[in-house]
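Both of the next two complexes hold chain A, though its partner changes from chain B to chain C.
Presenting the complex of A and B:
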């Protein structure tokens, strides 16, 4: 073996790859998406393919008296029409509670529930066939308000007691208490000098991903099904699909298709079972693509919430107690409601030390649209309420709102109301300090107005009149990973081999890339751990073990961690090979620049030479440290894997006469532990902040008597570029020793505090209480709901 | 669904006469949404995109209209109106600039807005304000009909076209005074109007034109407000003096604009908000146009 140690080579081998961790290589899907060339799940095509479509209920609550498919079956071009009775396996499915029928039977529980499915040779044929299905309904009074849900004796049950599959009872899906310190009693109340009470309402937000639900089921020769699908978690989809098809799991194989956004909205099944049922029945590939309107009925939304908070503090601003009740509307089926409740209850006090806590969070069954996972998952609603409380308290005590927060902020070593110690950095006060220290944007220049810079923008509603500036702050706390005893492990397979004389790593996981940049990070990890330049990413499928869900800010932590473990195992095996072959006794070996390198002796051998024709192919599972469920009565327990924090400062201009808002700037500071890809991290923070801005000022699914009133992007408004302000981001990297690379999940925390920060800024500009989001012009002008 | 693609205007008229239920498609920014949402299943589409004269405009003098007139082809997209006609048709240019997004403004047209006759169409308030002698050129194989803009909107999303008629152009007098347009939406771009307001000062004949959008079953003008403010301007000699209108009259103008509307509560906004916002927009746009007018008086002097 000859070692070549030139100046140039030395540099090469000691410098980590720029596209390894800490670098910002571009994502492979970025340019394709911008140019419209990315292949989404809705773009798939197969010879002989049929189109599937579902008939949906126009009513929110009704008995199904009869379903007559005779005419639809006869319609030329129709290959199958299926109803509940045609389901070969189990009839119900669900993420946590299997309470949702794959097709409705007996009763309709929400507007848009699927009753029958059709497969036909053309979408238009399918549509016409659907129109020929005759459903007789008997309308039932809807159960939609909290009062109605909580009084089933009078208003009835969404799920009759005899068919009830939930954990709790009545119309309650799940409830969780958290009691700490002395709880909240009259004696505790007496300890406070100031008491702030508030009632808050959060409207129903939608994930509003741009790629509608879609996928293709292809029947296989072995009687199984291959499903190509845009989802967030391949394995949990399979777990729910296979029993309904009456197939063993290994006969249902899933491959990830191009995903156009998710944000929690693809955690539940949408068209998966329907496409598979139709493929199974017809023996042909079946494609289903939802229209935009159907998409609004085809996925769960963020739980709308009513929150009641009572906060007590001493005269000098120390929090004494908080009594809170959070009521989440879960809609017709359970979806992720139990876990959302757990989050709301355990995180609902915010990132503050509060000695005495009494919290109750519940999710209700109703005839409203089902609600489940959405970015921020139960922590968003509470953050709006507890941050409003902090501002009111600051005003009552005449303390600066940022100071008040800092005074009560948790830090490493603090005990959460659940009794869990925060055992890694929790720089809440520092994040607030940093976001406050950022320079403020300049005042509005009314002498050189560009209408695009002011509320209303091109709509030309103001030339400077009525505009008042406001500044608001907020901070939030979110958990990372699945909580309460769930072992949401991830699997990764890494293969190292020589291709074209060069060592190439292949990373194979079942991780759903939904736009978060996970595949880019996997490449970075493989480059860093294996010292290779080239990394290929295997398509995500169920041939490899579960990667868990792309949610809960967990994928870089969990599947990234699994890739790290697998790559380390491959490296160890490679080095063992080298030790065996060359008799090395260095204990300072690493893989850098395509070579085995000893820190003391320099480059030893190119990986390609060492590996030769063999390949190392290893699979590893990554489990986070175990957690436990919260105690039902007290909420005590080591329930969360990791905490994550983000603080925001919002600057807004409000046209106070017209009630129009322009967010001028939305600054954030977040601790990410370690930024594996700094560009992606900033992208996540800005994207999450923007979604929170949307909830603050415009995003809401309007539901009246169980009916969705705005299922379109004409009337469900999401921020455009003119609504999205400059967003300076200050990223802090304080390592969490429990996490791979010390990283902290990034995706959700910014979605929490941006909403209350924007609303706080609007409050400052207007002097109004604003206890509801989204804030509408009506609320700012006193002209209605 | 049949797809008819006439190459000339005459062929288009013949096709429309033969297939009166055929749906014309110009920019397609309304039509394609309707089709995609499955709200409309016309038996045939009549594609007007091959007829180049529809995307042209000319200026000149026309019978029945005073002064210089822009004859705006039905399919001239908003982006071009804003770019090419902001001096001649400032109200319409401002209104066009609020429509949708750049992509929509590159395709959408005033002809399409009129064809749809939605109460939320942004061209309407500007056209109404531009004067009572704005004329819609409706044509069929039977001949040409010049429909005054005040008679064009007849119901919710209904206009006064006959089944065999197509819109060829709109004849709009060149502005003889300042014009403004304001629209409320709950976001800062790409939004259907919650309500909208257009205003035009016509110093030549001493009138003021107005148009209200999204606050009644059809676009409509605020007649009493127009007459009130024209009266004020005349009686107080303000056209000549260029003096301030004063808060009382501006306030009254806003109230009368609100009174002319009959808005409803819907997902986009409450009736109460619409009334409130119309008054604010009316006051502000009147102030802007009057300031501009007085400045032009001063610089002319």
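Presenting the complex of A and C:
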């Protein structure tokens, strides 16, 4: 397979500009952020605002026999106390299935479910009022294990079949099969010389964005609500909020407040409805800010998973078949579980050509915390399992693990198990080659030991004894954009006018900037397409059409694409104006450096002169190419918009006596199609890789009998700067001709393969099987479960 | 209660402060200084780091009343009104160390303190000094770059002034 670097292959489409696409101009919000002046959702303040707060269930499964708010209402400083009965509109909401009550009604299905809300003059007043609400519960046995969930006759239903929606499938939220080739039969198994079987477990990971769920709802004179909110998708929030408030959508206006990270955890609603309900009730602005503890209960997590894989290969390492079953614990409410299942099923064979496949992915309802979107979205769990299988297969066949992967890697033209052809570059083998070719870090220097270099670091746990190094590799495949027939279009409005004698482009979208740098890219696109220096980014709100979600690695592709379309439309109108006015008959016009330029005749006229006092203001929608749902029984279908690939090499030092791991280096190679902003691309890859590192060695929400045991940053650990190693990144740019500028979504792929690469390195260092993440010290020392 | 102290060189006064309030809450909600951030409010994430009498502290762990008659300097007080951004602030923007930016104020104060004490820190010195500041977006590589850059700029500008 030959691969070439083609950064320049699309330059004929657009005009280069130092601050246009392909450059790394500084973020437009950067100065505000370093000055402490950027207004995050938790920074909202209003003169007569109240503080909202929710009462949450200490139980995971219970009947609510009564709720007595009498004393809470009387508490001085309290302005409103609301329960289920006070909801003016529809009682339920949800991203895909409207199964979640805005406030609990009659039943508690997970630890932390909100029962009542208060508004008070001070957060402490609100806390004290909540403590005065008396709730009588009748505890129910929890339904938390796979066995319990799959046997509702014995253990019951999380949602009774007779409740607000049908449940023909019991506690199953969604399931998806994928069968290709001959499937996996005894005849197929007989074709394999070597068979590897493995059972894998992935723990429940938290997005752990730093900015807590927060926002402010302000009642408006027209009876509507203005909500200032940190979210990933303004319009889908509004779609869910308005019916609960009993308001038409146009009376619920959302403006994006500063977002302190998201990573999928803001796809579902958290405090939005509660703040709006309290604002509606009190007629005053209501601010809600979760504490970190409440945040752990206030958003969905990454699905914990059990994965069973059986992989067959020939003696020379060619994959023959894979049989897999992935069980995802969806928790109490559906959230994004159906789409997560679709991803796990369709991407769960990895970036490999496997002639015969039998896959089943399932998400269950349980009394565990609800799970939904987190960076990687169903592809992360599967990647841990299929990459472990590849390493075991390599060992069984005595083939180099990278070579084995390269031997079976998909490439452009390969057919996925869903029957979908990969119709753009898929440089899986090349990414592995590149990441392997990077120089290795030096060996641990034990003669001049700096404890900060070893596992245990400043805890001063070793002088270098008992420390073993390992190296591991992994590669993954992720989809970009919403799949399975969903038209997640984006809207952009671009306005060109002359301000102070200079042409200025204004870009207005509803895209949630959550830190990824979309606002930077929008400016670059506008500059590239319109040849202007100055670009204004309008605040994101619901005055413009939907931009879809800031998730699925889709925003640069989708809303970036919409900005491109709108800017092109503005340019065409401007040039039409010029043709009309000056009678140009050139076919080689572009906008460069504030001027209309003909490739043959040179600069024709300044944009400012052509435009004069008028403004061109156009809105365009960008739709990706259509996809179709996967067939329910076979999983066949053109289900994904685009595929994206990343490979990792991890180098670890393991203190085998104490079970401590230090990741020494985490190198990545990723194809990004076209790096619109190389600095941000590398930042995305390093940040995504680090979240995968966290899942490998430390991050897990511990749940026992449905109860969350570690809802704090003291007990739920995310990587610190001491836990995180240098991360060399090799960016490959092979254009996807279907995508704007040939780009490929960047954000998620690195989160897939870093976890299995780190664990592969620990396996190499220790010789242990390690079929579970996160790997804990006791797994390495044999002293725990 | 009333608390009187110096915030970013200015005498300030907060009234009706509840005894259980943190310095962080008082800064954010009573004094219009929301730059210090509220990511964990239990001293684990460092996003609320401020100088208290010249030493970096987690302002979420300091009771509001403890700062009576003392000096607090927050991220809003790092930039010089005359000369603009501090080197550390500019370096975070230039190096791509800011994504969502929620950890940034705390990291800036902590990095500023590091470079005051140790103008040419080794990579391990930087990691040790910033190990109490969580960032979820960047994977820390660009933050390392930013502190190295700020160190280089501070050192070169001090050479020039000498």
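Quick note on the criterion: the second predicted complex is superposed on the first by the 756 of 785 C-alpha atoms of A that agree within 3 Å, B and C clash if a C-alpha of one lies under 4 Å from a C-alpha of the other, contacts with A are read in each partner's own complex, and residues count from 1 in each chain.
Keep this in mind: a contact is a pair of C-beta atoms (placed from the backbone, for glycine too) under 8 Å apart; a residue touches a chain by one contact, two chains touch by 3 or more.
Because the structure is predicted, anything quoted here is derived from the model rather than measured.
Of the two partner chains, chain C is the only one that A:29 touches; chain B does not reach it. Of the two partner chains, both chain B and chain C are touched by A:720.
Of the two partner chains placed around the shared chain by superposition, neither chain B nor chain C is touched by A:190. By the document's definition of touching, of the two partners only chain C reaches A:450; chain B does not. Of the two partner chains placed around the shared chain by superposition, chain C is the only one that A:37 touches, whereas chain B remains out of contact.
In the superposed model, A:709 lies in contact with chain B only, and not with chain C.
Comparing chain C and chain B on the residues of chain A they touch gives the larger count to C. Touch criterion met: A:689 reaches chain C, while chain B stays clear of it. Overlap of the chain B and chain C interfaces on chain A comprises residues 291-292, 452, 458, 712, 714, 719-722. If you check the complex, the residues on chain B that touch chain A are 33, 36-38, 94, 97-98, 101, 180-192, 194, 265, 267-273, 275-277, 280-281, 284, 288. Contact residues on chain A toward chain B in their complex (touch as defined above): 127, 291-293, 452, 455-463, 465-466, 657-660, 662, 697-698, 702, 709-710, 712, 714-715, 717, 719-723, 776-778, 781, 783-785.
Interface residues of chain C facing chain A in the complex, by the touch rule stated above, are 18, 20-21, 28-29, 32-42, 44-45, 47, 74-76, 78-79, 85, 89-90, 92-94, 96, 98-105, 108, 124, 126-128, 130-144. On the chain A side of its complex with chain C, the touching residues are 24, 26-27, 29-31, 33-40, 42-43, 45, 122, 124, 207-212, 258-263, 289, 291-292, 450, 452-453, 458, 514-517, 679-680, 682-683, 686-691, 712-714, 718-722, 724, 726-727.
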